[in-house]
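Chain nomenclature is as follows: A, B and C, assigned in order of appearance, with residue numbering initiated at 1 for each chain independently.
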Amino acid sequence: MNKLNEIEGLNISENYLVSPFYVFFIICTMQVGIGILGFERYLVETAGFDAWISVLVAGGFLQVLVWVMYRLLQNGGGDIVHIHKQVFGKYIGGFLSLLFAIYALLLAFDVMITFIEVIKVWMFPGLQVWIFAFVMIGLVYYIVSGGFRVLTGIALISIVIGLPILLLKFFPIQAGHTMNIYPNIEHSPMQIMAAAKQSALSFLGLEFLLIFYPFIKDPHKSKKWAHFAVFYTTMLYFISVLVTFVYFSEEQLKQVVWGTISTWKIVEFPFIERFEYVGIAMWLYVILPNVCIGIWGATRVMKRVFPVKQIHFLRFTCISLFFPVALVAGRDPINAINNFIGTVGFYVLLYIPVLLLLKTITDKVRKRHEH
Amino acid sequence: MWKWMRKNKKKQGDQKPSYNESDTLPEFIEVLGKSEDFIQFELDGTTRCTVSYLKTMSDSKILNRSVLTTLNSHDLHSLKEIKETIPVENVLITDDLKVIQTKVMFGYIMIQVKSSVDKVLLVPAVSLESRDVGIPEVEFSVVGPKEAFVETINTNINLIRKRLPLPQLTVKELQVGKMTSTRTAVIYIDGVADKDNVDTVTQRLQDIEYDQLVDSSFITQMIADNSNSPFPQLLDTERPDRVVSNLAEGKIAILVDGSPHALTCPTTVVEFFGASDDYYLTWHLASVFRLIRLFAVIFSVLSTPLYVAVLTYHFEMIPPELMATIVSSRSDIPFPPILEVIILELTIELLREAGARLPTKIGQTIGIVGGIVIGTAAVDAGLTSNVLLIIVALSALASFTTPVYQIGNTIRLIRFPFLMGAQLWGLVGVSMCMVFYIGHLIKLQSIGRPFFEPLYPLRFKDLKDAFIRLPFPKQVERPVLMRSEDPIRMNKDRVKAKRDIDE
Amino acid sequence: MNIKWKFFVLLCILLLSAGCVPSKSVEENAIVQISGYDRGGDGGRIKGTVSIPQYGKSEKKTAASELYLTVDANSIKDVEKEIQKQSSKPISIGKLAVTLYSMELAEEGISDVIDVLSRDARLSRNMYLGVVDGQTQDLIENGYTQDETTSKHLQGLIENNIHHNFPSTSLHEFLYAYYAIGMDPYLPILAQKESFVEISGIGFFKKGKLVTTLSDAKVFTFKMMKENFTRGMQDLPFQEGTIMLDNIGSTVDYKLTGTNENPGLEINVKLKSEVNEMVGVEEKPSPQLAEEMEDAFVDYFKTNADEMIELFKKEGIDPLGLGHFAKTRTRHFDEKRWEDLYPDMDIQFDVDVEITEYGIFS
């Protein structure tokens, strides 16, 4: 039923496919990660309280990107490894695919160290990082070894559990100064675009579609879900930005490192106070799919490039991730890594339209040769 | 590195395929002859033959009234003549040693004549000693039928069939267990149940390589998709009504002779929290009770771990009003919260275990006396805080709300990893444990069907009868999980036809 | 199972047991709920006083007993360190509910304290700050009620007043105003009156320094100008007696007027209220009387508000956040210029009082 099946290495048995509907959850959960806990500050530094426009601009750009990706994949693409092979040939294509795999790994790595940093700052300053990393990577290994279907399930649970946390936005709005959001565009388009680039970094994760596309049943039907997912996350980020803008004053927000966590601090119920502890603990559900799908994607690409079982790659990556995760510590190196990966991710996003262009050209050339 | 794992995998092919097989008929009789209850005598009257049977298994009424009377009053010379004369149904003549052996072991009377050496006549005279059908004790319900399965498979099938008088109700019988040859029936409705499911179940039953099969719970463990999971992957019930409604949904039931429990599959995790009561009450009530049960289970698993996490690491979360209560109740306790909780949890488990082993009446007394005396004494002695005592008692109580006994045991167990997680990293540890269990549940399968079903894969149609139970007119379709061959239960249009006012 | 697997599992368990974050459970901590800072004596720059509630065994839990510790130190974190020396249990400031500063200290500036409060992740943002007219040590150590700890009492005191006459305040709001452009923070002033504490007014800050105060009687007017609220009372001499106004809904609206070069502001307040005390008023309630009372209140509020605005202009502070408001309505808001213009700015205050009820007896 699926024309991808004809491509070698992409014939995935029916049992392991997921419905197109789940594309929504996977993309959402990949996009919403650790970034949402503290991205407001970086936006405000560049574009002040006009940053909400940047979020919308970034969202619009991502919608275009989804279209590009589907175009790329539907034109007999399959997945990124296959496209690379078609466009660049076996060796260069393989090399580029490996770079993509490394990028996926870096993303997973980044999410993990940032989450550990959050836990250290907000909960346990004396956390034994290497033991925590050990357990967390063990958990990731257990989930990833279940295959893509299990990952989809975790993604679904992550979104479902993440929803109630959204409702907590009600508390800061109540305590907020709604006049802060009055549209009053003070920043130049350049600044707003720069902030849009900044916010695009929090939106990373979309590009994994290039890897898991063959796992979707009736992939063409999933397109609307992907667009909807991007819309949903854009709205999520948009609301988060607005809420923090309402809650904090501009100069104050520039000094608040984790804006969203700080807004949880005022949530109070008769039986529980100080919701940030619960929020951070629950955030594990949100970031875990990021890490898992990141590692899964990386190992999947490696499997497609080299003829070795994925489980071996998985073991290898888990062990090799453990040491850097356990060793990296401190605000400054983590910020540096965040920025680096953000920049890399931005270029990866830009690379996708380029790839589409190259692919169209090679297809045309090839066709002419055939004639 | 992984080489050492493979060492164990050496095949052990030198075992006998089955214990109870002799090579010849005389050999079989000789082996049996060593038992005192094997009777063999020759009739020298009008009919000359040898009658042999197991005294403890055969019904002496049939022997005396039908067999011996006939044999003595008629002049019969061949097995065929005897077969025609004896007034018992289903008499058969065979030379198949395997059949002879099984039948005799079940209580058939074997008649041999001199003229034919190999062939024997088998007269069914099985004595059916069984308990009367009683009321369900594990899955008690206030309304609804009060019949429960017993240890005899025939009675059990009878209990199902009389509720489901359908020719399509198919009973496949297998003999499982190399020593016990236990009669095991796979029951399903042909045309409703999915063929693949039936095949999977039959296949797995046939593949069982174990010598004894004393109870249906053996089967639960042996044919489970993941036998290392604490979650039971087949639903275990003693209520025929529950089995019947499951069959009608397209599920498959497994009955085992000697076990008063039926197994149904494929099942999902939410099914373990549904009681048969839910269908006997109106849907609002049933839905609310289901939600209460679900909440009780969550409370039971998470309350003590949260207590440990909050008191050990996150006491900022306690509101000031509660702070005074909690701190003053804990002020003289010499142990850290984790130790306090483990001591108390183990005490409760102890009471529960002791109560389960003792006869009902004493068990109850022990439970009450133990609970009150030990609890009060522990608080008075300053070993545990009374806040915790309340929490532990409530969580124990909540774990009893599960309608299926098996999952109750699971809930007892799974809170201990949560406790460890809570002690390790507070709420993050609890969260990690939860993720692990969710991942595990997503991975689990029941007869190849997803165990975490209406949640993942997310099937809104099946959510109609998961956490809430919608009214019957809404349950038009059978659950998607079963991939039923006939998914529609009733005519949707007729159900939905609406009357106008005053019509 | 293989021996190696068992060994591995054992190793994991050992590893995990080593992974515990060192911690003491709740009752083993000295939970500081209130802290106060005075100007230090010889021992250091500041003098910190904390109160730690002592929870007894369950029977006696109604009676509140507290432990008061006072130390001299050089900085806020130093106070914590010094107090640690006097405590048998580790000090935990996670549940700090009220922080007080003496008037002297507040006049010198509390920026360093604010920095600590906004930096520490363990602190609640709903904490109350306050300025004490007098010594915080005396106020904390006084002990007010039998069945409440001082912190709970003070917390309740401020919280209750926020719901009535006093404008809302908390650590978060203080920080918001402290960092915001065109907005200055304010805090309640607490004063000890023999055996009880009362909120005696508002203290206005400029860049972390207390510059001026407002007495209790004018707080209602300030709150009216600051935020929408539904409770609170204000009395007023009327004819030969006194009338008491009971607010049932007040809304405030700011409006930017004037040009960009010469901006002005309008503050419009709509107040719905009941009058439920009319001591010494001979007349029967009637529409005319209501109108008279309304006019009297309008006059009173206007005079008060204008005085207040003049005071703010004179001190160069903006607790109402007018600049902050203007910033959201002006393109390229120039903070410097606004501050220059502020003292001579035309700020109009207008109030509309509507009296709807006179109680159940006339």
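Methods note: a residue touches a chain if its C-beta (ideal position, glycine included) is under 8 Å from a C-beta of that chain, and two chains touch if they have at least 3 such contacts.
Everything numeric in this text was worked out from a predicted model, so none of it was measured.
S.K.: Using C-alpha centroids, which chain lies at the maximum separation from chain B?
M.R.: Chain centre farthest from chain B's centre: C.
S.K.: Averaging the CA atoms per chain, pick out the one whose centre lands closest to the mean of every protein CA shown.
M.R.: Centre-most chain by C-alpha means: A.
S.K.: Measuring centre to centre with CA averages, how many angstrom lie between chain B and chain C?
M.R.: 64
S.K.: Measure off the straight-line distance from the CA centroid of chain A to the CA centroid of chain B, and report it in whole Å.
M.R.: 44
S.K.: Using CA atom averages as chain centres, what separation in Å is found between chain A and chain C?
M.R.: Measuring from centre to centre gives 41 Å for this pair.
S.K.: Among the residues of chain A, pick out those that touch two or more other chains and give their numbers.
M.R.: Each of 124, 127, 132, 135, 268, 273-274 in chain A touches at least two other chains.
S.K.: Which positions in chain B touch two or more other chains at once?
M.R.: 313, 316, 318, 425-426
S.K.: Which residue numbers or ranges of chain C touch two or more of the other chains?
M.R.: As it turns out, chain C has residues touching two or more other chains at 16, 19, 21, 124.
S.K.: Enumerate the contact residues on chain A facing chain B in the complex.
M.R.: The touching residues are 18-19, 21, 119, 123-124, 127, 132, 135-136, 139, 142-143, 146, 149-150, 152-154, 156-157, 268, 270-274, 277-278, 280-282, 284-285, 288.
S.K.: Which part of chain C faces chain B closely enough to touch in the complex?
M.R.: 2, 4, 16, 19-21, 23, 25-27, 29, 31, 33, 53, 55-58, 60-61, 92, 94-95, 97, 122, 124, 152, 155
S.K.: Sort out for me which residues of chain B touch chain C in the complex.
M.R.: 4-5, 8, 311-313, 315-316, 318, 320, 323-333, 336-337, 386, 420, 423-426
S.K.: Which residues of chain C touch chain A once you look at their complex with the stated criterion?
M.R.: It comes out as residues 15-16, 18-19, 21-22, 118, 121, 124-126, 172-173, 175-181, 183, 324-325, 328-333.
S.K.: Inside the complex, what are the residues of chain A that reach chain C?
M.R.: Residues 121-122, 124, 126-128, 131-132, 134-135, 175, 177, 179-180, 182, 184-186, 248-252, 255, 262, 265-266, 268, 273-274.
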